[in-house]
Structures are given as C-alpha cells and as structure tokens.
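Same chain, two partners: chain A is paired with chain B first, then with chain C.
The block that comes next holds the complex of A and B.
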C-alpha cells in the first residue's frame, strides 16, 4: 500500500532530526565519493554515515540488514575477489562492486526518503530560494503520486473483474489493447482530479503575489553541523587519495 | 452581501454542463442559503460564480454583475476572492494540496503570507472549534471520507472568510459524518458567516437553511422558507426531483420483486490488512439467493472490505461461498461477481459503448449486445465513447457489461452518491430489472431512500462483523429506518419526530 514518495507525516521528536538540506548534501557527497575512491577503510567510513543515521532514526531492522550486506560486500571485494579467477571472479566482481559502490548512496537515498516529510522538503526548497515555479509543481507531484497509485489499483481491480487482468492471457494476444485499457481510464481520472485539484487550490489563494509563508519548522542544529563536518572531512580524504 | 444582477452564463462549447439564465439574487450577511434542484440545474455553476472560479478558471461567456461586499468578482483575481470566500467541494479526494493534515490547515494562510505565529494561533483555534485534535499530523491518504471533508472545512475556516460556499459536501458521507458536517455549519452560522450550499440531500439542512432556492434549467424557479419546504408533501418534492426532508417519513415501496428459494451461504470470511486486527470477521452467514441485499453500517465498519473479499479481489481472504450445493473460493468468485464501482470511470475501457459490452462476452455476439443495450435504454448511444456519457449513463453501461458477462452476482458500491431523486429512481429501476433477471445484488449504501425503494434484505455491519441480518418486511423496515434516524440523532442532532 506504500505508494507515497516522501513521508506525509513526521517521525516522533525523540529521534535524530536533520535538516533536509543536510540530508541532500550528504547524499550528494556519498554518491560522488563512492564512485571515485579505492581505499577500503575510507569506503567503510563513508558508508558508516548513512548506516549510523538509519540507527539514529530508529530504523534498526533495515540498519542491521544494510550493515550486514555492506560488510559482505567489503569482504568479497577485498578478500574473495583477489583470490578467484575466470568466470567466478567476473561474477563476484559484478555483484560485489555494484554493492560496494552503490550501497552508500542508496542507503542515504532511502534514509532521505523515509525520514523527510513532504512539507519539510518543500520548506527546504523555499529556504534554498528556488523559484515557486519549481516548488509548486514539485509539491503537486508529491501529492499526486499516491493518488495515481490509488487510481491505478482501482482500475487494475476492475480489469481483473472483467477478466482482462494481467493473468488473463490476453496480455500476449493483444498487448496494445491491454495498455489502452489500463491507460485510458487512468488518464481520464487523473486529468479530472488534476482539474479539480487546481480549482480547489486556486480558491484557497494559491498564486497570489504575496510571499508565501511556511509553517514547517526546519533549520540547522548541532547535529546537522556535526554530520556536515564529518561528511566534508571524509570527502576531503577521498579527494586527497 | 452577495449580489447577482441579471447574470447569464454559458460554458464554452463542448462542455457538458449547462449555463445560467438571468439570475437575480441578493444574499444578506449571515444568511444560510440552500440551492437545490435536479442534476444539471445550475447549482454548481452558481456556486462557481460566487467563489470566482467563473470566469477566472472555467471559461465561458458571462454577462451581468456578481458583487461580493460591493466588489465585482469578475474583475478580482482569484487570490483576492479567496480571502472573502472559502470553498468546500464534493470530492474529498481532490481538494487537498498537501499530504498531511496540519500543512493543509495552514495552506490558505500561508498563501496569504500571514506570519507564522498568527497561522499557528488560527490553526489551534480551528482545531478546537472543530474538535479535530485527533486528526492533526495525519496523512491525508489515511483518512476516511468523512474525516477528509472535516479537514476540508477546517482548512477553509482557518482563512477566516466571511462567506462559505459548499458544493455538494455530503455526497460521499455516511449518516454520522453528515451529522458532523451539520454541526460545523451550525457553528459557522452562529459566528454570523454567510453560507451557500448546493445539495441533493436536504434532510440535514432543513432546520438550518434560511432560504431555499429551487433551481431548474439554469433559472431560480422558486424560493421557499424552511417552514414552507417542510410543509410540502413527499410526492410534491419527488415531482420537483428533490430528495425527502425527513428520514423517518420514508417507507418501503416494493413492487414485483422476485426472490428465489435458495440461500447463499458464506463461511470463513476473515480478512485483515497488514499488521492490523481483522477488518472483517464473518464466520457463518446466509442470505437469500436472488435478493437485493443492502449492506449498511458506518464508515469504516468493513463494508468495502467485505465487498472486495466477496468479489474475490483480496487474494488472501480464504472465505468460501456456497450456493445450491456448489462452493466458490475467492478465485472462482472473481468469475461470478461483478462490482459496479462508486467511480465508474475506473471500469470503462473501450472506445464505444458497444465494444464495452462485447468485451465482456466470451463470444462476441452483436445481436445480444444490442438487446442488452436496448433493455437498459442505451441503444442510441452504442457508438459513443463511454467517457462522453453522463454519470448515470456510464453506470448503466457498467451494468450492461455485467449483464453481458452473465455474472450472477452484482455488487454496487454507493450507486446513488450525489444523485438527485430522478436519477436515484432510475438506479432503483435498474436494480429491479436485474432482480427480474434472477441476479443476486449487493448494494453498499448510505441512501435510505434507495434501500427502502429497492432492497429486500439488510446486512448490518459494525466493526467488521455482521451484527444484524434481516429481510425488509414490516418490522425490518422499522429497524432500518431507525438505524439511519438514530445515526443522525445520537450525535446530538435534531430528532426527526420534533419537526412534524
């Protein structure tokens, strides 16, 4: 049922809360650095940031899984890979390198998406002085994805009931017709919802000339500064190497 | 004060909606005005004139003057009108800009650029007025229809407009949510706000409305006071295409419904969503085969989940249905059940009405398809695109394809939400026609008028269980009426009997 792109409601205040801008910056650093470095202890240090963030925001289960997966990736990369040859080596290299390089960025992305609420994200875009022309479509998009999901599910149900669902075998006989059956009602209803949504937002005063306020409280705290410093230090270490 | 002088409006070509002709209307401050009339009479168009969506969003040709507190709405940009008029719409799914309730309450004020402290103060005040403390900080996608509509009202209320415009706010609500809505309107009224409501359901507004405007074909035909309206007979109201004003005064009117001898028995219908206690729990249940069965209960009682399990849409529901010695598991039921959804747009797939019917047949048979269309009064539309039809016609196309697929069980999810008297009657006639064909029908509905008109049996849900299961005979009739009347009474509403 989880179709929301970002969270709609926030986590409790007990856990570590970072400013979305800090999260974005760390995500940027981990993604660039992870593809450039070759020293294993630096890579581990880099991966340690998103992993510890997961634990700090009480995502223990996913934290443990990700840590284990990353340890395996590091071990494969450092110990098993040099010891194998030929086809097995190729295979291990493929799996291990992908995990080794991609995981820090992916975990950070997962952390960003699961701990940031839409309103925090919008507020941080406003603080970054992005134009309303970008912010409003972005926030509508966050609002719209779950709706499209709901609509698509209802249409899927209707198709199953008509015997033209995915499992009906018609998919192979008439693939284009199946696509049409799925897309036409979806487009019709999203267009209608979009139309009603814009009418509703306009009657609520969206698009006025005054500067919008935003009630969502975000801002840099001690924890943000600490994380940023660690991130920057690791990044510098990467560039020196 | 709202003044409309000689207003005429027509939508640009290609638009299905009808315009308005020569509207003259003055609404004084603090009045509650109810707009009623059949679908397409121009109620919604009139509300759009007041909240400025016409001519700023919906285009068309407009003549005459619409004045709000002495300012011409035609020339005001929407964000200016928004400060004076708050609007609540029919569809709770499409009127939220944010994904969480707190941001939604702040949204209007944020757009006005109010300081944060002021917005916070207004939110606190509104939350207190509306008693929605428990709804704060929740995801919009996890609210029920009634809760969404409350948030919609609260979020326009934070902007402190003087005028509220509500366009069919009750169409997706159950009886007790309607009572909540009524209380909100009472609160606004006591604060001296001007309220304009376009509605089909009239009973919950009969004591509240200062003036009732009856519209027909784009004109204001007649004006009544609440007292005059209440004195009208049921047959006069029906003649005008209006729903009844008193729930308790309704009585069953059945004619020529056939019922088979057999029973449909259900067993083991237990289903729960992820990590939650069971949404429905039905161990044994038997219902008459070939009946028209009303499924009633409050929002969240498990009616929709029951419907999905019954149709076989929830794969993990292990319930078994048996009829006449044959038993059907979920997978088999999917082949014998058809659901006419609340939003029929989800189930019309093809380019023409005839194709839609042919798609449902195992072997395409144009002659039979045309017969079916003819029986549902759709033959003249057979080459039209289903999406170009009106709501009621779309619903009949969906019914026709159920008939074409020869499914014996048809389930209707809220078939009459937001329908006027005439269309409700049409739905009821369709149900009777299906009954004549020997189908067993399940009707999930909050519409007492429809239930008394067409159903033969009631399944009453509460907290996922069937707490009552009875035929609508004389005592059954009393029972079902009292459920609906009580639902509006127990929330502190005006008891119906006081108003006679």
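The block that comes next holds the complex of A and C.
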C-alpha cells in the first residue's frame, strides 16, 4: 500500500467524518494553545482531542502509539524533570518539553492529512474563498508527493543494484557524490513527469475560465459543532490560565 | 509578454514546492541525530539549493516564489508546527521575490542573494524554541533556583536566534552556487534548465 500525504480515496462512511475546515480550525487551536499554557491537565485535555479523533476514525494502531508517546512525554515533564539535576536534566528537559508541546499539534497534523482526501481539501478551500493561485499549486503539490516517493524508491533500488546504496558506507566518505547520485536523477524524472502532468491537467480543463464543480459533499454537521465547542472551551481555559 | 500568472506557472509552483518540501523534509529527518540538529541551519539551505535553482529557471513572473513560500508555510503548519513558519515564509518569500524581480529573474547575482533571503524562512520552525523560552525559564527557576536558571540562559542566549538566521542566509548563498554548479553539470546538458 502506498503512503500518501493526503489520500486520493475517501474513508468509508462508517467512521466519524469532520469537515476539513473544522480540522484546520482545531489544528490552529492546538498549535497556538500548546505553546502558551503550562498546566499539565489542560495539556492532556488538549492532546485528548486529536487522540480521540484518531480512535474515532478507526486509526487504532497509530492512536495507541501516539497515546503512549504522549503519556511518556507528560510523565517525563512532570516527574522525571523535577527529580534530576545538572546536565542530564538539561537534556531531558529539551526532549520532554519539545515532545510535550509539539505532540498535540503533530498528532492533529497527522490526523488532518491522513483522513482528508485531496478533493475534500480543495472543496473546503474553495468554500473558504481562497484564491485559485493558492488552490491550484496546492492540489498539484499533494497530488505530486506520492509520485516523488515512488520515483525516489525506484532510484534507490537502481543505486543499490550498482552498489551505491545508502548503507554501503560511502555516505560518509563522499557525501556530495551521494547527494548528486540521488538528487539529480530524482529531479530529472520528476520535472519530466511534472511537465506531462501539467499538459494533462490543462487538457482536462484545469484553470479554465468557468468555475469548476466538485463531487465532494462537505458541510458542518452535529459532530463538527460538538468538536468545535470542545476546542474553543479548552482554548478559553488556556487563555484564562 | 503576459505578466499575469498562467495555470501552467501555478502547476510548476506546485510541482517544485513538492520536490523542495520532500528534500527539505529528508534533511529535517537527519536533524533527529542530535549533533546534526544544531547544524540544521547550516546544511539544509545548501542541499535545497539544487531544486530551488532549478525552479528559478522556470520562474519568469512575480508571485511564483511568494506562492511557494506560502504553501511551504501552510504545509509546515498542517504537519504540526506553529503559525511562526507561515509568518516567516510570507516575509522572506516576498522579499526574495522582490530581489528576483529586480534582477528580472535572469541575473545570477540576484538569484544568489534572493535564495539566501528565501532560505531564512525555514528558521521560523526553530524560533518557537526562543518564543516559548519564557515559560520554560519560569518553570525551572521555580524548581531549581536562580543560579541554575542563569546557567541555562547563558547556554542558550538570545543572539543564538539571530545567529541561526545568519547561518541560514550564508548557507543559502552557498546553496545557490552549489545549485548553479549542478544545473550546469547536468540539467543544461539535458536541456531541462
């Protein structure tokens, strides 16, 4: 199965579906709040939103991993950090605070990109009246990430066959040459694919003068309102603290 | 010549933003090796210089570099960074675009300077380390006392935040030269650049 940053096929209707705009708004709240507050139960409440969303959209495995990682981060921050001194403390503090503050945002970002399809994303951006100058490059970009990954894997295979793999130890002897061997073919092929993609999408009417239609149904539902209220409440709690 | 952005230009922006971001992300992953994290501003702009210089050969109109910067800021935000990268990307992307414009998107000198400026956007991802410092310092001064707090302040001084920007700028200049060299060696011969 190919990994995609934004999926091209939709999730099944059985799971909790949120409007992409709700997800973006919650991401904004988590990213801003995580860097302003310092009370542990509020941080846990904040991290609980993306974690429960992960479970609700049937991403049990990643949900469990993220929960465990965050529990460790909170424990490090609340118990281990005050108990150590000197250089170890400085090191633990660096790792723990970074994890403690970055993780809610990272999990939300992960949830956003794994549960939203490209078309849904484009549809919601059109609803937000963003300029076509942003929407077109952005949808091309998301379409292109998996292609780059595919090409990079193919080039990696070809290089390994000739004994220029990353594990052969040459990475440290000749870093510049390794960079060249990897990057130049990648750029060559992706630029060519890009030209073809450009021609293909122009043929299919991208950038035409008429407003394009979109098959995705997006809109706010009860679940969106509930999540938004929870998010705003937690944000207010953060600002009061 | 038509100076408005065509759909074809917008598509190239999308493609090169994707390439730039993948390479940028790969470099960022190397930053998880502890020592390299400190060197991140020094090597990251240098490596991303190669795709960026190739991108510049396609740029002939004002706005393409700015749009790329905005997209990079948004995707950094969507993958869990703060809003700070969006702000720095907007500022440095626009500045770089203006520099490229004064060189009519042809001059090599302007490209070098412009890419140096552009490179500084990514340091917005590191800035929160300084922005969130106050609450962290307050926390440790409560639990460890002032002596220890002063030691921490002396290890991570404010000028380090300025220094990473300068490092990124210098590395961007080097990256532009590296990119140009690679362009000359490979892409011009193949007829892509």
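Basically, the second predicted complex is superposed on the first by the 215 of 241 C-alpha atoms of A that agree within 3 Å, B and C clash if a C-alpha of one lies under 4 Å from a C-alpha of the other, contacts with A are read in each partner's own complex, and residues count from 1 in each chain.
Following the convention adopted for this analysis, a contact is a pair of C-beta atoms (placed from the backbone, for glycine too) under 8 Å apart; a residue touches a chain by one contact, two chains touch by 3 or more.
Nothing here was measured: the structure is a model prediction, and the numbers come from that model.
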| item | value |
| --- | --- |
| Contacts of A:148 with chain B and chain C, given as first, second, both or neither | second |
| Contacts of A:112 with chain B and chain C, given as first, second, both or neither | second |
| Chain B versus chain C as contact partner of A:213, first or second or both or neither | first |
| Which superposed partner A:180 touches (first chain B, second chain C, both, neither) | both |
| First (chain B), second (chain C), both or neither touched by A:140 | both |
| Touched partner set for A:190, first chain B, second chain C, both or neither | second |
| Partner chain in contact with A:202 - chain B first, chain C second, else both or neither | both |
| Intersection of chain A interface sets (partners chain B, chain C) | 139-140, 142-143, 180, 184, 188, 192, 197-198, 201-202, 206-207 |
| Residue numbers on chain A that touch chain C, as the complex places them | 24, 27-28, 31-32, 35-36, 38, 82, 85, 89-90, 93, 97, 101-102, 105-110, 112-113, 132-134, 136-145, 148-149, 152, 179-180, 183-184, 186-188, 190-192, 194, 197-198, 201-202, 206-207 |
| Complex contact set, residues of chain A against chain B | 1, 4, 6, 8-10, 117-119, 139-140, 142-143, 146-147, 150-151, 154-155, 157-164, 180-181, 184-185, 188-189, 192-193, 196-216 |
| Residue numbers on chain B that touch chain A, as the complex places them | 51-53, 56-58, 77-83, 85-87, 89, 91, 93-100, 102-103, 106-116, 119-120, 123, 137-141, 155-156, 159, 273-274, 308, 311, 313, 334-335, 337-339, 341, 343, 345-350, 359-360, 387, 401, 405 |
| Chain C residues within the chain A interface of the complex | 5-8, 10-19, 21-23, 47, 50-51, 54, 63, 67-68, 70-71, 74-75, 77-83, 128, 131-132, 135-136, 139-140, 143-144, 152, 155, 182, 186-187, 190, 192 |
